[in-house]
């Protein structure tokens, strides 16, 4: 940011970047609003909700100042925000909205309509806990609740990644192989309201990277009218869902392609996930969002102490990179999957269940002809435990993550789960099943 | 119809889009009828009320004049016969089975 | 604004955006209303439709009865969806990425408009999107099998307000949606009936010309829900108008006008009698309910006449215009 511009203001996110790239201090919401301004969608429809509100305000000021050509629709609810961008996208416009928590929950019905109609909408989701009780702070329950809605989900560790993800999301969504909506998730307050020094592209670079959206079909094509959203019964609905499944699978190849193009432009490279010091690790944590930074710090500290710790930061939760996950974690001995959402399955959070599922079938129990174990996990798959943390904005600090690693190393040394595990920091699930170990990190007993 | 019955997922447009505007004309609703309107050209005063009140666009109009009933679509509701002015009485309902085999 | 309403001959020559081959029931009032409305469309149309009879019966995949572009997204959000379509149109026109002229129509039944879609309708009207919102009011949730809505008339029996020993059917009067819509200060709002096609087409033409949102509430009888013979659809809307159950009115820039005054106002009984949904009212103690309903119809008519006087332009203004 310009030395003369106060952070948290529209000017900070709105500064002209035609001339040159710059390093600047921006909050996550400023960075995302800046990315949206640089993408300059044809239509933005949005409704304010903490902690997303800044985005709406910044964008409104860009419109008021004539900085963008965007039609800005100040809808009367998030349900209408998502409905309006569905209409706009079907009409051939590049359309964006943004939300958090209860706003995302209110959009629920229309999320499926956006993906089912194959509309490449991009939506920053500033992660916040869901009511009740009402809480405005960070957790991942909102986006995790929408994990099966057919949206691509990119997760961000910091404001830089949130900014970079918004720009990449446009190309991922609009790729003809994909044509699915994309959520860009980042942690409420922790990322959205904290200042970070980051590098931003010039407006022209962003415009060139995303190009112009030219859909093959639109409601506003005068010569080729189209019907969108028909009644689709047992004779064709399943075929349309099969197409959608294929589109999500195609996103697995498109996301790395877009990331490679973005890396060529910026030097910042992103994969489906980031494996940090995993190659020779014995124990690792799997994390999405801002806690990845804390975990990386802890891994480095443990490594200095000679303990083989690693981190897997998940960037893409949908499509779920199951095979990459197996590749990265299969050789470890113990893994803790961190969920900033309970999921209330009574058998672990959503990330835990998907990660553990990805590791199934790697166990090498079927030896080859020579009697050698098969697969990527010759010693059997790692022990996978679940750690639910940070609900409603509860802080997670390095000591908390260290306690998680401590647990993993104790398990590796053969210690069996006990009721009083890690008392004070890690609280065991009340009724653990024999093979599912769920802990609550940082909750008071 | 470009989307044939039984088409597989690779053959059909994405997302349920229907790319042929107005292709419902290929779906004939005439077999719903139990009664049918019979139009008497000689009595018709060409007021076009039957056309404007027909739910199914089944009154055929050419160059501003009624030319008959399109039995491919007429569901036999009887609105046209009811609304045909008394002085004309150019449309009357008969049982479907009383209609000739040509209908 | 003054308009010369097209003749039926002219209307029949206009593009027919809704094709035959749709699967609305025989005698349904909704497609009649839609055909009349769309015949008045001055340009290409994009239609957005709420979930309901009209939507499901006109777009059964892989068929569509729409020759124009059409979008359905959900039940309660057709006004929001069309707000987005119209916003896209403004944006793309400004960028010269769309050249053609369009008008936009959002359609919902009374369930999708009076009830579940009221918030998104209110948002669209308040923001001033140039969309003509049309409610085809058949007075219940007909698509799911005749459940009461806030548009169901007092005294009507539906599957969720059936008449029984302890109940005379629906106890509450209809919501006055025309007043609700016009309270948004939109340029044009009106109530119409397909029996009075000339009045309906004139109102549609005004709605399409309005420099902002317009709202049309159109009576659309449902033979199954109202329980009458399919041939009587137009007769019933005519009776609804002539008994003043369904007054033909418009609100133009805040000025209320009654656009059709029956020469001799018919008793409400004439409208109720042919319909099975009111049959229980003609038995025993329910008869007094009919008197009550008649009083309400009379009171509403007096209210409309008063509104007409109250909102009439001042004498001086009238002379100068």
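Going in written order, the chains are labelled A, B and C, and every chain counts its residues from 1.
By our rule, a contact is a pair of C-beta atoms (placed from the backbone, for glycine too) under 8 Å apart; a residue touches a chain by one contact, two chains touch by 3 or more.
Note that the structure is a prediction, hence the values are computed from the model and not measured.
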{"item": "Chain located farthest away, centre of chain A as origin (C-alpha)", "value": "B"}
{"item": "Comparison of A-B and A-C by number of C-beta pairs in contact, larger one", "value": "A-C"}
{"item": "Chain B and chain C, separation of their C-alpha mean positions in angstrom", "value": "24"}
{"item": "Separation of mean Cα positions, chain B and chain A [Å, integer]", "value": "53"}
{"item": "Centre-to-centre distance between chain C and chain A (centres being mean Cα positions), rounded to whole Å", "value": "45"}
{"item": "Sites on chain C at which at least two other chains make contact", "value": "59-62, 64, 66-69"}
{"item": "Multi-chain contact residues (two or more partners), chain B", "value": "3, 12, 16, 18, 21"}
{"item": "Two or more partner chains touched - positions in chain A", "value": "117, 225-230, 232, 235-236"}
{"item": "Chain B residues touching chain C - in the complex, by the definition given at the top", "value": "1, 3, 12, 16, 18, 20-29, 32-33, 47-49, 51-58, 61, 64, 70, 72-73, 75-79, 81-83, 93"}
{"item": "Residues of chain C defined as touching chain B within the complex", "value": "8-9, 11-13, 16, 18-32, 35-36, 58-69, 194, 197, 223, 229-235"}
{"item": "Chain A residues within the chain B interface of the complex", "value": "116-119, 179, 217, 224-230, 232, 235-236, 239-240, 242-244, 246-247"}
{"item": "Complex interface listing, chain C residues touching chain A", "value": "44, 46, 48, 55-56, 59-62, 64, 66-74, 76-77, 79-92, 94-95, 97-100, 102, 119-120, 122-123, 126-127"}
{"item": "Residue ranges of chain A touching chain C (in the complex, touch as defined)", "value": "42-43, 45, 69-71, 73-77, 79-81, 83-93, 95, 109-110, 113, 117, 219-222, 225-233, 235-236"}
